[in-house]
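The following block contains the structure, expressed as structure tokens.
Every chain is named by a letter (A, B, C and D) in the order it is written, and numbering of its residues begins at 1.
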Amino acid sequence: MIDIFWLIPLVPALSTLILAVFGEKLPKKYISFQACGAVFISFLISLYSFLGLLKVSPEEYPIVKNLFTWIHSGNFQANLSFQFDPLTAVMALVVTAVGFLIHVYSIGYMAEDRSYSRFFTLMNLFTFSMLVLVMASNLVLMFVGWEGVGFCSYMLIGFWFEKHSAANAGKKAFIVNRIGDAGFLIGMLFILVYVGSTEFSNINNAVAGGSLSHGLVTLIAILLFVGATGKSAQIPLYVWLPDAMEGPTPVSALIHAATMVTAGVYMVARMNIFYTTSETAGSVVAIIGAVTAVYAGTMALTQNDIKRVLAYSTISQIGYMFIGCGVGAYAAGIFHLYTHAFFKSLLFLAAGSVMHALSGELDMRKMGGLKKYLPYTYPTFLIGAIAIAGVPFLSGFFSKDAILTSAFAQGQYFVWILGILGAVLTAFYMFRLIFLTFHGKERIEPEVKKHIHESPPVMTVPLAVLAFFSVIAGYIGLPVVLGKNVNWFDRFLAPIMHKGHEAHLTIGTEWLLILISVIVALTGIFIAYFFYLKKPSVPHTLVRRFPFLYRLLYNKYYIDEAYDYLFVRPTLKGSEFVYDKFDINIIDGAVNGAASGTGFFGKVLSFLQTGFIKDYALVFLLGAVILLGLLIF
Amino acid sequence: MIPIYYFLILSAVLFVMGTVGFLIKKDLITQFMCVEVMLNAANVAFIAFARSASSLNGQIIVFFIITVAAAEAAVGLAIILLVYRQKKSIKTEDSSLMKG
Amino acid sequence: MAVFLFILLSLTCIGSILGMILSKNQAHSALYLILAFVCTGGLFGLMSAPFIAAVQIIIYAGAIMVLFIFVIMMIDIRKGLSPERKKWILYPSLGIGLVLIIELIFILSNTLVPSKAGTIESFGSPKTLGKVLFTKYLYPFEITSVLIIAALVGAIVLVKKKEEK
Amino acid sequence: MNIPLLSIVTFLPAAGALLFIFINRKQENLIRYTALFISIINFILSLFLYFNFNGQTAEPQFVEKARWIGYGIHYHIGIDGISLFLVLLTTFLMPIVILSSWNSVKDKVKEYHIFMLLLGTGIIGVFVSLNLFLFYVFWEAMLIPMYFLIGIWGGKRKIYATLKFVIFTMFGSLLMLVAIFVLYSIFYKTAGTYSLNIFDYYQLVLNPNIQIWLFLAFGLAFAIKVPMFPFHTWLPDAHVEAPTAGSVILAGVLLKMGAYGFLRFALPLFPDAAKKFIPYLAVLSLIGIIYGALMALIQKDMKSLVAYSSVSHMGLIMLAVFALNMESLEGAVYQMLNHGLSTGALFLCVGILYERAHTRLIKDYGGVSRQMPVFAALFLICMLSSVGLPGLNGFVGEILCLFGIFQSSKLLAILGVSTIILAAAYLLWMYQRVMQGPLENKKILNFKDLSLREIGFLVPIVLLMFFMGIFPKPFLRKMDASIEHLLKQVHRAETYVVDKEAYIKPSLKISEIDINQNTKENRTETEDNE
């Protein structure tokens, strides 16, 4: 019953094709029906295959379906083949389930847009690419999905391309992603040459068999991770994600929160043998993840744009996932990916609902007290915030705790401390967001206030479903302290994850860690409550006290500007200089110089050409006579 | 029988006279006549060789030369007329458009 | 007898060409040239080429020179008589001519002329010539006719006055 | 098969051009339809070449031989797995460019199409010639129509551009001519017969010292054509001034002649010299990749931007050629086709914009997408194909090239990967400035979306891009044997034993038939002379 899993990506592909060709002529209702329906069918097939997978014994993982040989030349072979194993199952389910809900939500959100069919074409294309990414059985095909989602992200960020900022953001996203992709590609080339195949099973065997030197494994792992930092917006390539919020909100929810940005995590988990084999690479991943988690959290503190706060929060949460992967707890990382997909898309969609209510307003300073206007959005938003903040009994708590516990267990105390710090920040900025938006004084502009309204059911129902999952999704991966076999998720993924050295904590330590997590989350919430509801003057005082720090955070550490001055401008200016001085003056100058030199020489000689026939005849005869003389004497 | 060399020497003399004439005359028509003389000199040589080699090829060639000369004269004279119309002169000195 | 005839004809020929070159009047030059061509025609006759001799006199002395005379008539001769600006060209020309003739004679004196004994009686007669012309040289012959047509058309097109617009 | 299919494919366009003598120049549409019809027929005929081509063997196929001038100069054509696709590319692009200039060429329509068709014959001739003399004739003959196409229907500085193009190319090819003479005489000295057949020359084992000079002469001619850095400056000028169709042919096929020349002549004929020079050439190619991309980044004119992107792409192709392994060469040939399609398509897109606004400057545009959604989508696909997005053709070629290069030199490959970043940067930036953003130029409001004709020539390209991106197999399998054979030829270098007395090893075997044939011809020729 699992044999049909390869149809999962093909259904959205077919739908994309139809929409791309006929989209403009189809009625909106049909478009929405087809686009959502395709993703829903994919979801059903995924679910069906997943159930089938449960019956397959772990020895048979992964189940591979080879459609045809795609590229074959000499030693290079890439197949168009899909595989299905627990990791793929989780990803495919997340992508199709969340994707379906967001598609449904978009019907309401994009209802008035004039490029309705383009939107759904791209959304379906994205779903297809993402499914290819997670279902590919080799690196090359995975790269196809990898680039494909990047392209869709480019198109969807720049969906409203008349805005300069949107077009710019799309381009920036694509180019920054490409920098990462270059690293990924180089890593892939190394694997191709040294392993001779890009099938994941062959790569795993080769690395496990020790046919690659340790240094090489580290190198490849780090190169692949460069690709992950690009796609998953980690230091130093995270700069595109905040700008990516220029896209429609469902896009931000689907691509820039739930699925695409977590592709890097998926990739690291998929290639886990590299990071298990090379401790250095693992540590690099964990440290980058941890630093990003805190760093992005600090930037979220001062942002006033509701979507940008969520964007930084996404960067930070992905940092957690990388911590999990870096310390060898791949299942925990993927677990966080899975829970995060629900609550973060929930938060984005709820934010979208807020925007929808406020005629597109994004600035939190112009909100406040929305609680009473948005009776469905508010509770769902709150659930999402509680989940992400790490309050016990909601999904985010279990997954974040699993990661931090693993980090601690592996002795990565530095990473653990950063993780805890990040957790405080997360709780703080999320509740700052809640309080500024839904509580406190109303600061809504009167013009906007007139049109304020709750979103239609087609938008709120997906919110409710996501909120439901945000609450319960965590219960498939309960902490070990609650029982030996309660972490079903860990066991499910275990067959394909290569364990490094196992480290066990005592029950007491684990409880202690959980306690710390809880305290930290509640502290963050309390500080936010204190700052923004109890004493709204405190933040202002702080700003006045530390103007430099505030400006640094507010301007995102000036990293965009730094990149601009360090990389973009020198490249452009340098190229312009080379073009003017070298290309035009020297190379072309040499060419034209040769031409004008010839011309000058010709002009000098042309005085011989008097134009009189007799002169020519005389010279001609002279020549003939001399030649004749030479011949006979 | 006249020795063949007589003819050849005559041919040479005619040729040189044509050449020198071409150089020292100043109007296009006479120069053109000198060219005809040079052609004729060649004809004499051909006929002489044809005779001594007992081959008709030489005569045939002369025949063709005369035909070509006729064609050439027609076109050449037409060009001279054109030059005259343009410049109101047939002196070669007056035409030097090809000056570099 | 034949030698005498040769000397007579060649001297007349050379003399008339000298006359042609030295005469200041183009019409006179043309007449001198006709005389020279007639003489060459006679010489051809001496070299057992009666047909070519006839062609020479008919086409050269007849047709071509008539063309020349027509053109001369159409041109204002006095214009052609203004003094030459570049007088110096005379001397190098004569010098080159001198050298050239010396060279040519030198070459001739070193040339071994082929001679085949036993000439046929009818050598050079119109009949034999005609046979060769229409068998071995048929294609060149036909092509010459095209050439002459082309020259004819060309000459007309060139000289035809363009209609004023 | 007795039908001389290859000759027909080669000379049909020229024969069609001859047909135009009988068409009144005022019947412009008839001329256009005739030209289109001829080129489409030619494309269909060339498809027969593809389907009847046997990919299992490296031997040239569809060989036709006829005596021409003698002394080794013969009419000898045939195709192998490399030239097959270049011929197909040419015949595929011909109807498209004729269709593309339907409205843009308004004066001297008859001459325009005559030159276009003659150009087609010239280009195909270059790819099918197996006789060096014939090759040289086509190589030069193809310049003439191109010269007129740019010089008559070009832009403002067309005379400058066309002269630069022709003189640049001539300069290189004259040196090549000298080298051909040298080869000719060497072959005569060693084998005792005249030949210009390249298969005879493949058998020659040349002294490495002579090889160096010959390789340089051939290499320069091809390097200029490619063009490799630093011989590239004719390209932007020619592209900017050429009419759209000229640019498409120039970028699509003409540049490939340089790379093809390296594959067919410079590398297999002079393997020792090639070995010696490849490191330098590879570095030049790499410089070309990065330099072309950086220059493209700052161009203000769309056409010169695409032209510099050609320099960059061709750099990658040349780098792959010089990597000399199976994957890189297949990648290079494949990438040649891709580049022909994608860059050709980009020029077509620029041409479509130019027809509407009569400017090529990027700053005069903005927000075109809103007015022309269909065009925006097609333009985007062409651009992405050039960027090398997986799923489209560019990716397949790029990954094969990079993999091949990586096997030969890791450093070069890693630096070469920068192309995927830079290509995205300059093309997306151009797309953003032209197609996206607010609509500022009021003229754009009058833009009409693509006409049926314009869709008609862009869509086949786009479909082919997808096809080549998803099913590269039908292409790669046909070239396997030929490329394997080529590699064998290039790698025979080590077998040379230095022998100052003879250029040739005693074991040299030149196909017996050819010798007999040549001597027989010589004899008859001398008889004729008597």
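By definition in this document, contacts are C-beta pairs under 8 Å (C-beta built on N, C-alpha and C of every residue); 3 or more make two chains touch, one makes a residue touch a chain.
For clarity, every value in this text was computed on a predicted model and none was experimentally measured.
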{"item": "Chain-contact steps, minimal, separating chain D from chain B", "value": "2"}
{"item": "Which two chains share the largest set of C-beta contact pairs", "value": "B-C"}
{"item": "Rounded Å distance between chain B and chain C, as computed from the means of their C-alpha atoms", "value": "6"}
{"item": "Separation of mean Cα positions, chain D and chain C [Å, integer]", "value": "57"}
{"item": "Whole-Å separation of chain centres (CA-atom averages), chain A against chain D", "value": "39"}
{"item": "Centroid spacing, where centroids are CA-atom means, of chain A and chain B in whole angstrom", "value": "90"}
{"item": "Touching two or more other chains - residue numbers and ranges from chain C", "value": "86, 89, 93, 96, 100"}
{"item": "Contacts with two or more other chains, residues of chain A listed in rising order", "value": "612, 614, 618, 621"}
{"item": "Shared-contact residues (touching 2 or more other chains) in chain B", "value": "19, 23, 93"}
{"item": "Pairs of chains, among all present, that meet the touch criterion", "value": "A-B, A-C, A-D, B-C"}
{"item": "Parts of chain A lying in touch with chain D, wherever the complex brings them together", "value": "20, 24, 68-76, 78, 118, 140, 143-144, 146-148, 151, 154, 158, 161-164, 167-168, 170-171, 174-175, 178-179, 181-182, 185-186, 189-190, 192-193, 571-572, 574-576, 578-579, 583, 587-588, 591, 595"}
{"item": "Chain B residues touching chain A - in the complex, by the definition given at the top", "value": "19, 22-23, 31, 92-93, 95-100"}
{"item": "Chain D to chain A touching residues, read off their complex", "value": "164, 167-168, 230, 232-234, 291, 294-295, 297-298, 325-327, 330-331, 367, 369-370, 373, 377, 384, 389-391, 395-396, 399-400, 402-404, 406-407, 413-414, 417-418, 420-421, 424-425, 428-429, 432, 435-439, 470, 472-473, 476, 480"}
{"item": "Chain A to chain B touching residues, read off their complex", "value": "606-614, 617-618, 621"}
{"item": "Contact set on chain C toward chain A in their complex", "value": "86, 89, 92-93, 96, 99-100, 103, 106-107, 110"}
